[in-house]
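See the structures that follow.
The same subunit A turns up in both complexes below, where it pairs with subunit B and then with subunit C.
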Partner chain A sequence: MGAGHAHRLYRHGHSPVHALPPHTKLAAAFAFVVVVVSTPREAMWAFALYAVLLAVVARQARVPAGVLLKRLLIEIPFVAFAVLMPFVAEGERVDVLGLSLSVNGLWGAWNVLAKGTLGVAASVLLASTTELRELLLGLQRLKLPPLLVQIASFMIRYGDVITDEMRRMRIARESRGFEASGVRHWGVLAKSAGALFIRSYERGERVHLAMVSRGYAGSMPVIDEVTASRAQWSYALALPFAALAVCLLGWTL
Partner chain B sequence: MHVPDGFINAPVSAATGLVAAGAIAVSLRGARRELDERTAPLAGLVAAFIFAVQMLNFPVAAGTSGHLLGGALAAILVGPYTGVLCVSVVLLMQGILFADGGLTALGVNITDMAIVTTVVSYALFRGLVKVLPRKRRSVTVASFVAALLSVPAAAVAFTLIYAVGGTTDVAVSKVATAMVGVHVLIGIGEAVITALTVGAVIAVRPDLVYGARGLQQRLKLRVGGELVDAPAVAVPVAARSSHRKVWITGLVTSLVLAGFVSFYASSNPDGLEKVAKDKGIDTRTGKHATGDSPLAGYGVRDISDARVSGGLAGVIGVGVTVVAGTGVFWTVRRRRTSDTSPASVPEGV
Partner chain C sequence: METPGGKTGELSAGKHGEATAGAAGGTDGVPVSLEVSGLAFAYPDGHQALFGVDFGIGRGERVALLGPNGAGKTTLVLHLNGILTGGAGTVTVAGLPVGKRHMAEIRRKVGIVFQDPDDQLFMPTVREDVAFGPAAAGMKGAELEERVHAALEQVGMAAFADRPPHHLSFGQRRRVAVATVLAMEPEILVLDEPSSNLDPASRRELADILRSLDVTVLMVTHDLPYALELCPRSLVLSDGVIVADGRTGDLLSDEELMRTHRLELPFGFDPRSVTMGA
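Right, the complex of A and B next:
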């Protein structure tokens, strides 16, 4: 446990965005995405403005554009879906480069692509400027049930341990000459998954006993209460409010 | 299957968010009742397990591979309440940390992938375990069927959400066919993996499998030598076995009739795979034939669509009916057994 406790997606930094209390960032990111989703899809310029807003935030947070773009790749499955949409959607059709495309489908594809990308970008910015522990504290601060936050924190805390355990099992399999190449080998992999479950569950029991022996009685003590000043709130909420202005313009224009 | 932002409109996202919040609140209460203060570490570790096992690749053939979704597995291994919590937490963390699934679509994702899969699979599982003979093998069989139907059930739930609040103009029937078609295929893989995994756990630590608790209790009685309750337990088992044959025959026949006969009666038996490829929503298996023209085979699609979707609707309809019927059956039987011999009331759900 001596190595970094930060998750791989976090980029250490001292920017004003990093310094904001986590719950203000969570609230801002969520509100921003809500505003983006409720923008009419015909207002293309509005989405460009949202992208500019996010670029400003990324600059403030000193997250390089390359990193941000690389993490956007997670959406690729849905990009594939969006690309197909003009072909399968209903409604009047238009000829583009010899292909018959549905107008509604094109709008739908644009809608999913634009909103999905902005949503992913907002999440990526949030994750790369907020430490895991802070994120969990922020969730608790936003009145998520404490038990749920505890479950999430245990999942995060032991996620790497369990993943490593799985990796060791894979290395053990491979060092004995096993190579999974088809359905016939599912039995072996499933036995590994079963063993992994038993190990995880038993580890959970041990963790619980260790916690009880240290005085755990159902709730975790909060030792670093996060608070946000009015200035910090208004700084964080500048993003969704700017987006809201754009959104209102999009509806009225 | 993680839905991104903007795919489902705002009001429906908010409504599913409320559904998800309600279900999580119920599950929190249920899990606390089952696990007490052990809830946090155990559910957390199981969530970490689900998260890890989703990364375990199961090779299918020639470069393609699938992975477990885990809803049915979680429900069977740790029970429905804890299962819903674990999968929801995994989805929440995937949304916030890995941007996998939109923040506003969290409600949709949790309703779809955590609640529907877990509840459907657990209900089916309990029903089958009650009906099948009390052996370890029947737990494996029950988990196979539960996982098999839970994935298309999630696809149906997604289609319903899409029909109410979808932002794109792809016809609902097309989405339904493609989603359910693809997810029946995924469901087969999920079912095999889930059944094998549950079998592996049951072989080593049967006491850890929540769904097999009734089974394990009877084993304990036999081994421990406390034969006080043993005759009382044995009587309803003997009485039930006559029903069981009728049940199994009926279930198998109706499933076969509803799903597979109508499907294989089609002149184009591989219509299912074709639809999956045409739509290209096959995000799971990765290497689908997007090179083909998506318009290929549109002429025959209507017929095969009707057949495929009819067959699938049949299978799912039978599933739902079995669940509802089993519920009625349980309540009736429980009342009857509690009238005759109050000591032999079976373990509660």
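Right, the complex of A and C next:
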């Protein structure tokens, strides 16, 4: 909090990637991920080329490699699963450093790891160059069901309010000598969670009342319209199209 | 903290007050903004909150609605823009009866500022929040932009247009909440406990803003000095009926009335010793 309205994932900047309208970036990132996922896993060189493409985007967006790599760490829990695959998968086995590994499992692990990493990297780039607010406008422009956009937007608006409420409840508990230290205290925590839920639910009703009072009748009015020129679209879509070329080569070679 | 500069100066010559201050309850000659007659309402669980409420407010008046907790103040407020309906009696806003047929128009004309600004401000940025009402009514483009700017300007918050509401102080949020309603250019502004949770400076700033507005105000409050400061006329709602309607100073000085309806002045506050600026 505190620092203006930027989310902590967002890196303020004035690069050409930052300047792109949000819906073009969303479309480009999504198309890129779809192309990557549809690439045959045996075409290892193709994934290297995808990584190069993302590196070019990162350079254009002036997102330092260090930042990008650090944010990729979010992937680790999923990677752990991929690492298990060579050990547990069925089929033909090979010996690597004295360990018996499944060939299928190795390919599976590589598949998850490569595609996952590229997907996460694309999302990290998107999040670093696009403000949350803009992402919502982009989703709205891309005709995502309005209800989903509204839910996401309320989540962003009230996330901090509810976290703050949670913090006040914790302080109130601790001020009365309660310190959650073991299973025996879970009951109290569960009751706090229940109380928080009810409070949030009631707040929801009050917010709805305030919305209705200002003429809300089921759909959010469009206040900011985002538009993109043909040039902006082609600049944004350069990434998925380059990736598509690589993908097609991967299938034919 | 920025005050809505300059505006405070012209307050002493304000156009509110004088015109209607003497006419406690009377709205003769002045067009009527709000007319409530015979309003009664019981909640579905059988609890009856209002037992026939009658009053009228003339255009440009600033009226306080006083009453103890549980008097039915909030229930009454929710009738003014048709959130609650179905009981007996009628509510008329600038000649328009509150009912299904004119609901959109009524909601535009009656601007309610709720007590908790976090409930009122639900959009990601201040600007979008202020734009919500007019945009819902179909306004867009430069006209909308202008309306938003004007409303924020009136409450001295124009510099904060692109901030998210949760990064503002409580007083600032309350002022933005007022702007969200002003942007709809309402016939009547209804404020629910406007001074609650405000520090003295924010409280005074809000008072300055309210005085500078050229709009009818109905202010629901416990804060009796605030009512005296801002509203020449007051209504006392107790147990679902209006038990008193008159000059705020007179009502607050009536110890018998105050005591009967659980209205207590802060320690050391004597309404008779207060001389109003204007």
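The working rule: the second predicted complex is superposed on the first by the 247 of 253 C-alpha atoms of A that agree within 3 Å, B and C clash if a C-alpha of one lies under 4 Å from a C-alpha of the other, contacts with A are read in each partner's own complex, and residues count from 1 in each chain.
Here, contacts are C-beta pairs under 8 Å (C-beta built on N, C-alpha and C of every residue); 3 or more make two chains touch, one makes a residue touch a chain.
All of these numbers come straight from a predicted model, not from anything done at the bench.
Colleague: Is this a clash or a fit when subunit B and subunit C both end up on subunit A?
Modeller: fit
Colleague: When the two structures are overlaid on chain A, which partner does A:233 contact: first (subunit B), second (subunit C), both, or neither?
Modeller: After superposing on A, A:233 lies clear of both subunit B and subunit C.
Colleague: Touching A:207 in the superposition: subunit B (first), subunit C (second), both, neither?
Modeller: Both partners, subunit B and subunit C.
Colleague: Counting touched residues of subunit A, say whether subunit B or subunit C comes out ahead.
Modeller: When the residues of subunit A touched by each partner are counted, B comes out ahead.
Colleague: So, does A:156 touch the first partner subunit B, the second partner subunit C, both, or neither?
Modeller: both
Colleague: Which of the two partners, first being subunit B and second being subunit C, lies in contact with A:193: first, second, both, or neither?
Modeller: first
Colleague: Does subunit B (first) or subunit C (second) touch A:178, or do both, or does neither?
Modeller: After superposition on chain A, A:178 lies in contact with neither partner.
Colleague: Figure out whether A:215 sits in contact with subunit B (first) or subunit C (second), or with both, or with neither.
Modeller: second
Colleague: In the overlay, answer first, second, both or neither for which of subunit B and subunit C A:241 touches.
Modeller: In the superposed model, A:241 contacts neither subunit B nor subunit C.
Colleague: Give me the angle at the C-alpha centre of subunit A between the C-alpha centres of subunit B and subunit C, rounded to the nearest 10 degrees.
Modeller: 80
Colleague: Subunit B and subunit C, closest CA-CA distance after overlay, in Å?
Modeller: 6
Colleague: Using the superposition on chain A as set up above, list the residues of subunit A that contact both subunit B and subunit C.
Modeller: Touching subunit B and subunit C on subunit A: residues 132, 153-154, 156-158, 161, 203, 207, 211-212, 216-217.
Colleague: Going by the contact rule set out above, which residues of subunit A touch subunit B in the complex?
Modeller: Answer in residue numbers: 7, 9, 26, 29-30, 33-34, 36-38, 41, 71, 74-75, 77-78, 80-81, 84-85, 87-91, 102, 104-105, 107-109, 111-112, 114-116, 118-120, 122-124, 126-127, 132, 135, 145, 147-148, 150-159, 161-163, 165-166, 180-183, 185-187, 189-198, 200-201, 203-205, 207-208, 211-212, 216-218, 220.
Colleague: Where on subunit A does subunit C make contact in their complex?
Modeller: 1-2, 4-5, 132-133, 136, 153-154, 156-158, 160-161, 203, 206-207, 209-217, 221-224
Colleague: Spell out the residues on subunit B that touch subunit A in their complex, using ranges where they run on.
Modeller: 4-7, 9-10, 13, 24-25, 28, 32, 36-49, 51-53, 55-61, 68, 77-78, 85-86, 89-90, 92-93, 95-100, 102-105, 167-171, 174, 192-193, 196-201, 203-205, 208, 279-281, 283, 290, 294-295
Colleague: Would you mind writing out the residues of subunit C in touch with subunit A in their complex?
Modeller: Answer in residue numbers: 78, 81, 83, 104, 107-108, 110-112, 114, 116, 118-120, 122-125, 128, 131-133, 135-138, 140, 144, 162-167, 180-181, 184.
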